[in-house]
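Alright, structures below, take your time with them.
Shared between the two complexes below is subunit A, which has subunit B as its partner in the first and subunit C in the second.
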Partner chain A sequence: MSLLRVQDLWVRYRTRRGVVEALSGVSLSVEEGEVLGVVGESGSGKSTLGLAVIRLLPRSAEVRGSVLLNGKDLTSLPEEELRRIRGREVSMVFQDPYSSLNPVMRIGDHFVELMMEHGAAATREEALEAAGELLERLGVPRERLNDYPHQLSGGQRQRVAIGLALILKPRLVIADEITTALDALVERQIIDLVKEVKREYRTSMLFITHNMGLVAEVADRVAVLYAGKLAELGEVREVVSNPLHPYTEALLRSVPRIGGSRELRPIPGEPPDMRNPPPGCRFHPRCPLATERCRREEPPLVERGGRLVACHLRS
Partner chain B sequence: MRLPRGFAEWGLAVGTALVALFVALALAGESLVGQLAVSNIVVVDGRVYEVPPLLPPGSRLTVGGRELVFIMGTDQLGRDVFARVVSGARFVLTVALLSTAISAALGTILGLLSGYVGGFLDRVLSLVMDSMYAFPGLILAIAIAALLGVGVLNISMAIAVVYIPSYYRMVRGVVLSLKSAPFVEAAVVAGAGPWSIVTRHILPNVVPQIVSLLPVSFADAIITEAGLTFLGLGIEPPTPDWGFDLNKGRQFFLAGYWWIGVFPGLMIILSVLGFLLVGESLNELLNPRKVEA
Partner chain C sequence: MGLKEHVLYRLALTPLMLLVLLTLVFFLMRVLPGDPITMLEGKNIPEEVLARRRAELGLDKPLHVQYVNYLYSVFVKLDLGVTALERIPVSYLIATRLPATVDLAIAASLVAIGIGVAMGLLSARYEESWFPQFARVYSSVVYSIPVFYLGLLLQVGLARPSGLPTTGRLSPVNMVALDSLPVRTGFVLIDSLANGRLDIAADYLVHMLLPALTLGIYLSGIFTRVTYLSVSDAMVQDYTRAARARGIREWRVVTRYGFRNALIPLLTMAGLQVAALLGGAVLTETTFNWEGVGLLVYEGILKRDYAIVQGAVTVYALIVALVSLVVDVAYTLVDPRVRY
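Take a look at the complex of A and B:
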């Protein structure tokens, strides 16, 4: 059985200017010890997916479908039970390490509070001891426990945030664009750290990013989202070396590579307005290979050589 | 030690000195000046003397071989104005302290509740608070003080009610913006319960804003207290009080006995000025960006 199983997930936001469909029937799964990359542009629904899994969507969001973690449906779990699962079975690392730590709490107290709340430590000292040990393994000196967040660099803060996500040994960590707010050098360090965590802790991960290059490095499998729908899903190596969906290919071409002779090609146009998505294949207005059929008919998600792809050209 | 620089630092220095003076008076004033604040009877060597009323400032009086100086004169009942002014600090500062504490505590609790829980509760509380805000503060205080009667606690309650909405609105606003702050969401997804989110993540981040409001609302409370006792509400004679004495002095002012009212009035001005200076200059020093903007 898969650790995480998202089945036919729909998310709609009711806004003053109309209903926005952020996710339209997405199904995917994460296996034990596996890192699943979720890629897409802004507005593709990738962050909504992460928030829906841990049930942090705003109240205006309408959710249909199910999110099974270890067989338990998180979408219908009572608040009290959900709270026990959050942090202990599934945790999250956010995009901006500058605002995801409480400015008036010492680093150590973040750990103490979390561990005491979940009964993972009986005393303050016990919690601090465990936290110090973990931080050192993550490359943050133990003394930092006494500091306030503003005394740390962005990279160190993100390491602390990762530590907070790992300290209770959850089975699934949701990483939502965790390197986007960091500069390139620190990004590299954090990616190396994620790879190390994956090796050492065997934690499953939902690795959300817009950077195909990072996914290729970190993930085992990748789900490509476009306009709230799955475009392609498969083993990272295969998807990267031989993309089946034109959107995946376009994403790969838009990643710069140092020393590469290949031309950097941006994707033309803009992601569709999700209040009114285009008919047929949602990618057709931007697709260089679009045919008349793409404009009319929505392509189903079909299996092609162990991969899932939603494109008329492949069926 | 260096000299203060700029308006804010001078303001803080002068304000702190004034506040310190009035706090000292409130604590020790009554025992320094003795009985003459509340009666015109002086007892020397077992003999009783009466102090004449309406002595001008600087008058000297020799009773039983002892010389008494009335630097601010005596009032219409022969009580020492200086003694009354000095010991009057206690009542007004106690009331201001109590009422500020009550309004800050209640306003903060209601603001947290309203901002965090939201929905129907928020609407009802906001409506109530806004209606109170729409009322002129002093009028509302007069009504409540008249209802509750005399006594330190009663008049403090009357004033506190008026200032609850200021704290409520400020706290509620901050909570609303903090509720969606990433570190609060991070605490939510880490499984923190509502109690620990409010008390450990939101409240500590609201405290600085509350603190910056405290001195200013303390000064407001002094003025409101003086206004109430000026009208004779909430206080029982002969308790020395600036607002009450100011009103008595007003009746004698045109007859030329200016000192009865002027000195208490001056005390009201100086004490309010002291707290305002502390509040404003602290805000400016601790939060320079807000002032520039």
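Take a look at the complex of A and C:
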């Protein structure tokens, strides 16, 4: 049984200017110890997916489908039961480390609160001891426990946020664009840290990013999202070396590489307006290979060589 | 600039602020028609009597001379002067009246903060229910209602059915008893408790109930609003969402993440409300015949007793300056990012 199984997930936001369909029937799974990369542009629904799994979408969101964690459907769990699962079985690291820690709470108190709340530590001292040990392994000096968030650098704060997501040893960590707000050097350090965590803790991860390069480095499998739908899903190595969906191909071409001889090509056009997605294949207005059929008929997600792809031309 | 320098700098600015205020009040009082003598005797006293008595009070001198004399007395001799007719030192009068106003202000603040924070937090916690709408209407109504009218409403609505006292600080019997107590600080609660007179303390609290409710309810509107808005602003921040993602209990998220961060704007607002508190106290004391500085000011204005009004304004200004200084220092406790 998969650790996480997302089945036919639909998410709609009711906004003043109309209904936005952020996810349209997405199904995927994460196995024990596996890192699943989720890639897509802004507005592809990748962050919505992460928030939907841990059920933290705004109240204006309508959710259909199921999210099974260890066989338990998180979408229908009572609030109190869900609260006990959050942090302990599934946790999340957010994009901006500058705003994801409580500015008026010491770093140590974040850990104390979390561990006491979940009964993982009996005393403050015990919690601080465990937190200090973990932080040191994550490359943050133990003394930082006494500091307030604003006294730490962005990289250190993100390490702290990762520590908070790991300390209760959850089975699944959702990492939502965790390096986007950091500079290139710190990004590298955090990615190395993620790889280390993956090796050492065998934690399963939903690694959400817009950067195909990072996915290639960190993930075992990758799900490519476009306009709220899965475009392609498969082993990272295969997807990167031989992308089937034209969108995946375009994404790969838009990643810069040092010393690369390949020409850097941005994807033409804009992601569609999700209040009114295009008919047929949602990528057709930007696809260089689009045919008449792509404009009319929505391509189903089909298996092709151990991979799933939604494209009329490639299936 | 360190905290100490900051405090000294603020203290150094206080006399300047006082000068501006006193100048304003000095001339405003004299723009009002009449003077202490005509207000007491009416307009029909003989011309020469009026002139003689005005000369006694120094009111015959040119205005700028009176002004300079008064400033000299306040800033150099540190003397607030004497009342126009009875020649009682204003500083003595204010000192005897101040405890009553301080008691009322503290009690009213407790009511205002208690109601305001409770309603604000409940609104933020149960954002989807009918409660925030109710709290919003409540805030607007109590904030816009005149204090004395609210006082009258409470007198009719609460005091009449329950028999609560509507006037004064103590029953006449206890007023006399209080005067004969050996320990006297001027604070009725402290005096009565220090002398083991629980009955006087209880009588005092019962008398304070309506005035404190009046002034407290009036101020609770803005506290409700600011608490709600600052807490709900903190509730949509990333750190709040991150706390929920860690499975922190919702009430704890509201208090430790929402309210704790909301304390910063709340503190600013509370500091600014001190002026409204003192202003409201004048009307409340008048409505309930509560013998504090506010009532003194009211009577002073009616009697055109310039020294009383100017003296009270001086004390008010010092209180406001002191509180805003305390607020500045309190920031360093509430927000770890603030360093002077």
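A few remarks follow.
FYI, the second predicted complex is superposed on the first by the 315 of 315 C-alpha atoms of A that agree within 3 Å, B and C clash if a C-alpha of one lies under 4 Å from a C-alpha of the other, contacts with A are read in each partner's own complex, and residues count from 1 in each chain.
One rule holds in what follows: contacts are C-beta pairs under 8 Å (C-beta built on N, C-alpha and C of every residue); 3 or more make two chains touch, one makes a residue touch a chain.
All values derive from a computational prediction rather than experimental measurement.
For the composite obtained by overlaying on subunit A, subunit B and subunit C cannot both be accommodated without a clash. Of the two partner chains placed by superposition, A:Ser47 touches none, neither subunit B nor subunit C.
Of the two partner chains placed around the shared chain by superposition, neither subunit B nor subunit C is touched by A:Thr248. Once chain A of one complex is fitted onto chain A of the other, the partner contacts of A:Leu101 extend to both subunit B and subunit C. Shared-chain residue A:His150: touches subunit C; no touch with subunit B. Shared interface residues of subunit A, touching subunit B in one complex and subunit C in the other, are 54, 56, 83-88, 91-92, 94, 96, 99-105, 113-114, 117-118, 161, 164. On subunit A, the positions that touch subunit C within their shared complex are 54, 56, 59, 83-88, 91-92, 94, 96, 99-105, 113-114, 117-118, 148, 150, 161, 164-165. Within the complex formed with subunit A, the residues of subunit B that make contact are 181-193, 196, 200-201, 204-205. Looking at the complex, you find that subunit A touches subunit B at residues 54, 56, 83-88, 91-92, 94-96, 99-105, 113-114, 117-118, 161, 164. Those residues of subunit C lying in contact with subunit A across their complex are 128, 237-239, 241-250, 252, 256-257, 260-261, 263, 334-337.
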